[in-house]
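Given below, in the form of structure tokens, are the structures.
Both of the next two complexes hold chain A, though its partner changes from chain B to chain C.
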Partner chain A sequence: MADIASPVPHTGATTRHPISLGARLWKSRIEYLFLVPGMLVFGAFILYPIVASQYFSLLQWSGFDANQTFIGLANYAELLGDKFFWDAFGRSFLFTVSTVPLQMLVSLVFAIILNNKLLKLSSLFRTLIFLPVVTPVAVIGIVMTIMLSPFNGPINMGLLDLKLLARPLDFLGDPKLVLWTLAGIYVWKWVGVTMVYWLAALQTVPAELYEAARLDGVKNWQMTLFVVLPMIMPFAIVIALISAISALNVFPLIQSMTQGGPFFATEVMEVYIFRNAFATAGAIPRLGYASAAGVFFGVAIMGLTILQILAVRHLRNRETANGA
Partner chain B sequence: MAHESQALRQPLTSPRLRRWIVSVVLAAICCVWIYPLLWMVSASFKSNAMIFANEGLIPSQPTVENYVKAWDQANIGAYFFNTLFVTVGSVIIVTIASAMMGYVLGRRRFPGRALIFGLIIFTLFVPQGYTIIPVFDLLTRLGIGQSLWGVMLATSGGSFVIFVLLFAGYFSQMPNELEEAAKMDGVGFVKTFWYVMLPLSKPIVVTVVVMQTLYAWNDFLLPLVITLANPAIRTLSVGVYAFRGENFVDWGGMTAASTITIVPVVILFLFLQRYFIDGLAGAVKG
Partner chain C sequence: MNKHPFSGMSRRQFLAGSTALGALALTGAGRALAQEFQIPEPIAELSADGPFRWIDSGDQKAVFYKAFLPEYGKARGIETVYDGLPWNEIGQVLPLGIRNNTAQDAFCLPLNLPPAFAVAEGWVQPLDDLIPDIETWKAGFPAGAFLEGLNVFDGKTYGLPYTSARVTSAHVLYNRKYLTDAGFDPETTPLTWDTFREAARKVTEMNAGRAFGFIMGGNQVNRFADITRCLANMAGQPCGDTSIGLGIDFRTGEPVFDSDEFVGAVELLLAMQQDGSIFPGVMSLNAPQARAMMPQGAAGLILQGPWNIPQWERENPDFDFGIAPTPAPEGAKGNLIVGALAATSNTMFINARSKNAQVAADVFHYLGTEEGQIAWGNVVGPSDPPIFPAAQANSQMSERAKAALSMFEQIIKVGPNPFARNPQLAEVAKVYKEPTPNLALTVQGLFTSQSSGVKEQLTTLVSETNKALDAAFKAAKDAGAEVSRDDLVFSNWQPAQDYVAADYEAL
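What follows is the complex of A and B.
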């Protein structure tokens, strides 16, 4: 997607004479007019918050109508010493690292099977697998709490009946288990989206290729493994990136299922920020401190993203260099 | 079937038979996959006493009482229209604004284009937790910190950057002849965009409409924060969440409220899913 930024064919006539900036700006006035609505949304709700967060992080500020006191880097100093912050920070990454590969693999298998146009019910199956995606997390919170209940919850009952368990597990109450339970629910909820991305990628494989392979007597699984997979691998990077970013935005699911508990076992970064900023009953909201946590986290993610993009670019460059 | 495949000198398990087996296995997986949702719909038609009576998915004494209760007493009706308002509004804003911006960025050259692209890529991966405090602060200053207009506007920012990139990528691949022909015929910039280019970008428009609808309908953190002090303007997500906090034993009411919440988006997806997948395919090709 980053390739879009490369130059596009110029539609107007190119002038060789140097013209003043003012004239160039005036000449593009319709373009700028077109940008206005988009830039308002972009500026107000994406760009401004990023800049403002950095300023807020330098304040002591206890509530939106309270006074702001400039305290420099004190919030950051406090963050670095806060065990809850580092736990939440680590948990966010642990969650991402454990869900993304699983999500990508399961959705890829679904996509490859459902991409078969001869499979008559494939569009029905796609829809069914997509259903959890369109189900709001608040709803999932309710349904899954019942499903996973240690008292007569259908999942525990099923596992007991199949003799896979000796006694019911407290999926959401056991601090050792709960993060993995949420990871599983998360994957279940979002596999549908990743599957659609894979399906979209699979559509870029030309139909003639399947035909040619079939005539050559190539088996389906060979075709999939040696022809189709390598062809859609470039998409895998984009899909992984999108999935990883979504997995870092897991707040809704966790807030509606466990609110970060039990005993902070599921307090990921966003829950930590929410708890400090929009404090739960009694405590004083700490907007500056929460902003500092947000900035720290955001910068860490951006750093990782840039590293990932650089790594991909490096690999691609090496490939083209080898090919030439 | 066996004769047929033997005649064609194919292996004993014909492709058709294999497809049948795959279908049956998939059907079983899908049943397990959506069982929680089936259970939810089933429970919404049962009285609270019957929900845990272990009677299977088909209710023996179906009732709509839960729906009546949820719609009226728990305000789910009002929340439904709040959500509809926010979703429709943000879809209109986002689709028009991102199409215009994507068109200009994808097809035109002007001073500052590279800068805007740079900013867009830079912000692509900012998590929501990072921006929620300034967004709420800004809305409060604008006087819409506790109104549905605030939710609508701020929800528009959610995936905006990705939509702009989708449009820019799609428009940048279109042949130049279209615009040149329009120019020759004396059609202006705005009209060319509105009558020629925008209709041609239908796959992306559908993709953006579906994705933004899903986003707005599901959005949780922002409406939660904005409605903390004003329960009347809760959206469905927040309403269902609050319902659970307030009536934590009324499983019938909760499942009914939940079912009301998911039905509209499920229907929308059913109608648009083909365009949605095609649109995404068109987008990733770019």
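What follows is the complex of A and C.
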């Protein structure tokens, strides 16, 4: 069957003209009509803010007043020399690099264990692991602040009772500990989602492969290592991409627990942007400058995404080549 | 003739007593009682267009308005809506509301937004045509409540200055048992820096890890600035407290973060930390959490505001605590400095595009009468005290709360306010980029050992503040504002005395 856009061999009998774009749109008008509400929401809440923030990034503007002074790329130039911007930028990626591998590994282990149909109560365990995902971040922030309190928090009390600590640890107040504490809480909260991704990936492994491997006398760990993992590895890139983007958007957790402190120790990019845009303690906010930081950060995330898409494409091409 | 049971009661006593019943109801001690407000006749013919809406920063103010506005609405036959939001949300919600014409009828301004800016931008409208015989009404306020450049512009009155700013967020509140056991009585002998440190150390030692000497909300970074500035003020280094005046000694117009008093204040905190006297985990606590720890016996001393008093009295009636001034070095005769007599953050304005401006003015008028002020004092207590001295005296507050207000009269002085001198400084404030780290973050960094060298860090802060001020003044001048750094110099300022309208005129 010839593709509409592909050249049709001239047979001399009939000539088929390509259908115009307008005709195709009209033909699918019902489908496009159904898309309109979604597009409107997308335009209002995603596209417009993106475009607006790019425009704001070129202004000196507090967000308060009507006076918006166009200053070109001056905000971006200032960003380049802002130590706190680069610190926050680096911290965001440090947070991502430290959480994503751990989150992927732990969730993969959970998924492989829970994918075993012989495991009793697997649904219960899945629910328990998924429970933090549906718990509001603000609630987790409050509960964890209590749990980790150095004065009477149960975690410190337990560690002290077990003689593992001589003095309580200030998990959220010690600048050397705080980022890693938040990373741990983040992984605990979101590991359930990644586990679901892995479980979906595991469904794609054909049952015949398991049967064939068993017939060959393969042990469980060998099956996981040499049969299952190679089959689901292509999914790892996509899961890593989703997890990385999620880890770069960690504002609610940090804002609810440390607000970027102490002394910037947990100030990731989103907190930095928020601080400049809204939370200036002693000065008028700088919405234009914060927008520039947001645009810069958005471009960086886009770059990361493109890299991962290229990696996926490379893997596919390699698989295709191997298949051929 | 039988004497009426209330005939021997003065009008003032009656007002105080009747609103006190309401206060009891609201503060928990008498929850079964209903708050009753004596809503006076309206000041003019009122007609509401839609619900009358009021927004401010909540806290104890919310307690008052959630009781008062429904009563007021019932008396006037109008619907009322009250929004009490945190400051950061007011900073977002109000400008958006102004832009899209959905802002409340009456509002306070976002923190650090000079009123001159709101007037210049046409956000607010004057009260002069809304309140009949406004000069008589204004005469009921204490001298200094209305100041050109703060709530009066070009002779027109825009703001309602109904709460006193003579309040500090860093006076001593202490566990009486712990301090007595340690041999200290701060109410009789106010703590010096040395005895403050010594008391904290002894309380820690005596409680062997079950309680500590001093606690603060270190997670709430502004606490480091407030505490440091107040300690330095009491040590004899006066300076401004907000916006472009923060840390400025108005006698010279220069920032003084690197003065011996500021350096000493930070070193005092670090020394107490070194002593092990500070509650472990203060960096994980915000101010309300630190406040909640005190009645649990977690610490002996805290530097916070008088809003703790009614809260502890209400929720922890068995907690025996005392109040005392902010510690000062031995022999120092400093005062805490506030930028105006009226709390500028609480000053209320009427939306220029409000369709219920006359209703707002009616409420403003009530809050500026003795009746309204006493009702306010009864409900809100010392947290945001009424600005009328008579209302402070006649409100039904605990003896401890009244003692706190009396103490503030002694130790807190009204300093110069640059905006009252030159309203065009609002243009400077608009473009001022406070250095990062600012005072609060600089002290927090030193406290958490993420930076070192107290004098060096504070000297850097002075240098960065000067650069930021110079840049802001230049930008404002380039934009046409008639301003100069000399506007921050008040050569006739004597920090031990209130800076009043006559002093501005004498400049």
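We take it that the second predicted complex is superposed on the first by the 279 of 324 C-alpha atoms of A that agree within 3 Å, B and C clash if a C-alpha of one lies under 4 Å from a C-alpha of the other, contacts with A are read in each partner's own complex, and residues count from 1 in each chain.
Just so we're on the same page, contacts are C-beta pairs under 8 Å (C-beta built on N, C-alpha and C of every residue); 3 or more make two chains touch, one makes a residue touch a chain.
Not measured: the values here are computed from a predicted model.
S.K.: In the superposed arrangement, does A:222 touch chain B (first), chain C (second), both or neither?
M.R.: After superposing on A, A:222 lies clear of both chain B and chain C.
S.K.: Tell me which partner A:64 touches in the superposition: chain B (first), chain C (second), both or neither.
M.R.: After superposition on chain A, A:64 lies in contact with both partners, chain B and chain C.
S.K.: Scan A:199 for contacts with chain B and chain C and give back first, second, both or neither.
M.R.: After superposition on chain A, A:199 lies in contact with chain B alone.
S.K.: Let me test your reading of the model: by the given contact rule, A:317 touches which partner, first (chain B), second (chain C), both or neither?
M.R.: A:317 sits against neither chain B nor chain C.
S.K.: After lining up the shared chain so the two structures overlap, which partner does A:170 touch, if you call chain B first and chain C second: first, second, both or neither?
M.R.: A:170 sits against chain C, while chain B stays out of touch.
S.K.: According to the contact criterion defined above, which of chain B and chain C contacts more residues of chain A?
M.R.: Comparing touch counts on chain A for chain B and chain C gives B.
S.K.: Is A:278 touching the first partner chain B, the second partner chain C, both, or neither of them?
M.R.: Both partners, chain B and chain C.
S.K.: Could you tell me if A:143 is touching chain B, chain C, both of them or neither one (first, second, both, neither)?
M.R.: A:143: touches chain B, not chain C.
S.K.: In the superposed arrangement, which partner chain does A:265 touch: chain B (first), chain C (second), both, or neither?
M.R.: So A:265 only meets chain C here.
S.K.: Touching chain B and also chain C: which chain A residues?
M.R.: 64, 278
S.K.: Applying the document's contact rule, which stretches of chain A touch chain B when the two form their complex?
M.R.: 1-2, 4-5, 7-12, 21, 24-25, 28, 30-32, 34-35, 37-42, 44-50, 52-53, 56, 64, 113-114, 116, 118-121, 123, 125-144, 146-147, 152, 154, 188, 196-197, 199-201, 203-204, 235, 238, 241, 245, 248-249, 251-252, 255-256, 269-270, 273-274, 277-278, 287, 290-291, 294-295, 297-298, 301-302, 305
S.K.: Quick check: in the complex, which residue numbers of chain C touch chain A?
M.R.: Contact set of chain C toward chain A: 88, 91-92, 95, 110, 112-113, 117, 121, 218-219, 221-222, 225, 242-243, 246, 279-284, 293, 298, 429-434, 436-438, 440-441, 444-445, 448-451.
S.K.: In the complex, go through chain A and note every residue touching chain C.
M.R.: Going through chain A, the ones touching chain C are 60, 62-66, 84, 145, 148-151, 167-168, 170-175, 258-259, 261-265, 278-286.
S.K.: Give every residue of chain B touching chain A within the complex, in rising order.
M.R.: 15, 19, 22-23, 26-27, 30, 33-37, 39-40, 52, 93-94, 96-98, 100-101, 103-111, 114, 116-117, 119-138, 140, 145, 153-154, 156-157, 160-161, 164-165, 168-169, 172, 176, 179-180, 189-190, 193, 214, 217-218, 220-221, 224-225, 228, 236-241, 244, 251, 254-255, 258, 261-262, 265-266, 269-270, 273-274, 276-278, 280-281, 283-286
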